[in-house]
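Notes to accompany the following structure.
Every chain is named by a letter (A, B, C, D, E and F) in the order it is written, and numbering of its residues begins at 1.
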Amino acid sequence: MDYRIIQSPSSGALEIISRRMGMSSVSAKELLTDCDAVGLIQGKLIDMVYVADLAEKAAGITAVDVRGSCPQNMVLLALLGDTASVETAVNNIKVKMKKSRGSD
Amino acid sequence: MDYRIIQSPSSGALEIISRRMGMSSVSAKELLTDCDAVGLIQGKLIDMVYVADLAEKAAGITAVDVRGSCPQNMVLLALLGDTASVETAVNNIKVKMKKSRGSD
Amino acid sequence: MDYRIIQSPSSGALEIISRRMGMSSVSAKELLTDCDAVGLIQGKLIDMVYVADLAEKAAGITAVDVRGSCPQNMVLLALLGDTASVETAVNNIKVKMKKSRGSD
Amino acid sequence: MDYRIIQSPSSGALEIISRRMGMSSVSAKELLTDCDAVGLIQGKLIDMVYVADLAEKAAGITAVDVRGSCPQNMVLLALLGDTASVETAVNNIKVKMKKSRGSD
Amino acid sequence: MDYRIIQSPSSGALEIISRRMGMSSVSAKELLTDCDAVGLIQGKLIDMVYVADLAEKAAGITAVDVRGSCPQNMVLLALLGDTASVETAVNNIKVKMKKSRGSD
Amino acid sequence: MDYRIIQSPSSGALEIISRRMGMSSVSAKELLTDCDAVGLIQGKLIDMVYVADLAEKAAGITAVDVRGSCPQNMVLLALLGDTASVETAVNNIKVKMKKSRGSD
């Protein structure tokens, strides 16, 4: 699983994210301009759904799936919120995912 | 094969699942809001069809294929139902899939 | 190559198959409701075309390609028919494919 | 590289091939019903273009790319013609491709 | 991660890039004809978003995602600008990405 | 990286190439019928952009990206021109790509 946190992302970075979110580009940009930081997590689809649930329950953030209409096996999840919430959520996920592999 | 069980999933997690289900988003959301828990299983397409059949015959759940119009080789299956049924179904699948590999 | 036989498949399993068959969903469902069993075989596209030919020549079954409009390298083949014919076809294929690798 | 020759292909096998040929299904079926045998060759796109050229120059056959509008890296080539021409073309390709690897 | 810098790119190279940028081909060509050099970086989607942010913050360049409407796991990023800025940005990224792996 | 040169390509080979070029099939066929030979190079997208630039700067040829609207990570590049130019371009690329790996 890969992790990145971007503080006040540049317009090019926001553009790449917003074009791949599965919603209208207007609502995508609204969501993105309201946030101070973006946490990015890339992994298997099954883990990304699980992690989105973990993140939203732990901190005041919104979890969005960064992919258009042609999903692949590996997906990228964006955690949007203020810097402290995003950092808490990413650390929280790192700890929980180490404990629970969820595979046979 | 990967397994996850999510209790009362968050709105972001439900959003990711419902957008990738191959049905209208209205019926997807209806299905999802009626369930207490979501069991997620990710694996080869052939095994997911087999497992959907196993799960629906064993417990009071609905099995749905979590992918849009551009399927890949690996797919994610969502088992929707009350918590006990989903847990029973996932455990049942783990046991049966260990016994039967189904490949040469 | 992977093999599975499903006896009187559940509605969720039939739904996954019929949505991925490259035909109108009405004719897909007709084909599927007429059959007692579904044999599933997953492998390379070239072998699936070869196996479809083998299966249809050996037993009273219909071979269908379980993929939508965006085919991949690995495909899933469904063999539809009564239980005995599907079992005969799958066993027949296992034997013939062991003898003939068809690659250099 | 994988090779298969199918003599007088069954309707299910022809259906799989014709649906994935990048032309109207009418012209695809015409091409296919006119031929006694189908030679199938699966490999890298670059080699399939090369092999199509080899096959058409060596024997009275038509080479067609068995993929729809969403091509992948690995493609399947169908060589259509009478049985003798298809067998000659496939053997010819096997010999020439062993001599010339075309990679660094 | 792969890196290339192209000085005053040829029309064929610009054509390949502009056709895969997720914007109208007019604005794509405008962006491209204004720049002296193109830096290309290919890697995981999560790293490309991170790198786009790094590059835009460090130098007077525009970072664009070179992919159409069907994104994959690996993506290509184009850094557009004058030669010095592009070289600075690419070197900057090489150094920062060696220090920070961002994966567990 | 894979290389092939086809002298006066057959109609089937031209058909496969022209259908996958990202332009109208009329202009694709015009480009193709004007050339004596086709050089094919298959590799990573980032290298193919780089190589297209190299080829066009070195010899009187046109470099075209042989892929439709759903690009993948690995792409095929066609170098169109007279036989001598295509051979020069392919040899030129082989030499330059051995010297410069462009990856970390």
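Note that in this section a contact is a pair of C-beta atoms (placed from the backbone, for glycine too) under 8 Å apart; a residue touches a chain by one contact, two chains touch by 3 or more.
Computed from a predicted structure; not experimentally measured.
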**Prompt:** Tell me, which chains sit next to both chain A and chain F?
**Reply:** E
**Prompt:** In whole angstrom, what separates the CA-based centres of chain B and chain C?
**Reply:** 22
**Prompt:** At what distance in angstrom does the C-alpha mean of chain F lie from that of chain B?
**Reply:** 44
**Message:** I'd like to verify one number: the distance from the centre of chain B to the centre of chain D, where each centre is the average of its C-alpha atoms, in whole angstrom.
**Reply:** 38
**For chain D, residues contacting two or more additional chains** = 69-70, 72-73
**Message:** Ring order, please: chain E first, chain F next, then the rest.
**Reply:** E, F, D, C, B, A
**Message:** List the residues on chain C that touch chain D in their complex, please.
**Reply:** 22, 44-50, 52-53, 55-57, 62-65, 69-73, 102-104
**Message:** With touch defined as at the start, can you tell me which chain D residues reach chain C in the complex?
**Reply:** 1-4, 6, 9-13, 15-17, 19-20, 40-42, 66-70, 72-74, 76, 94, 97-98
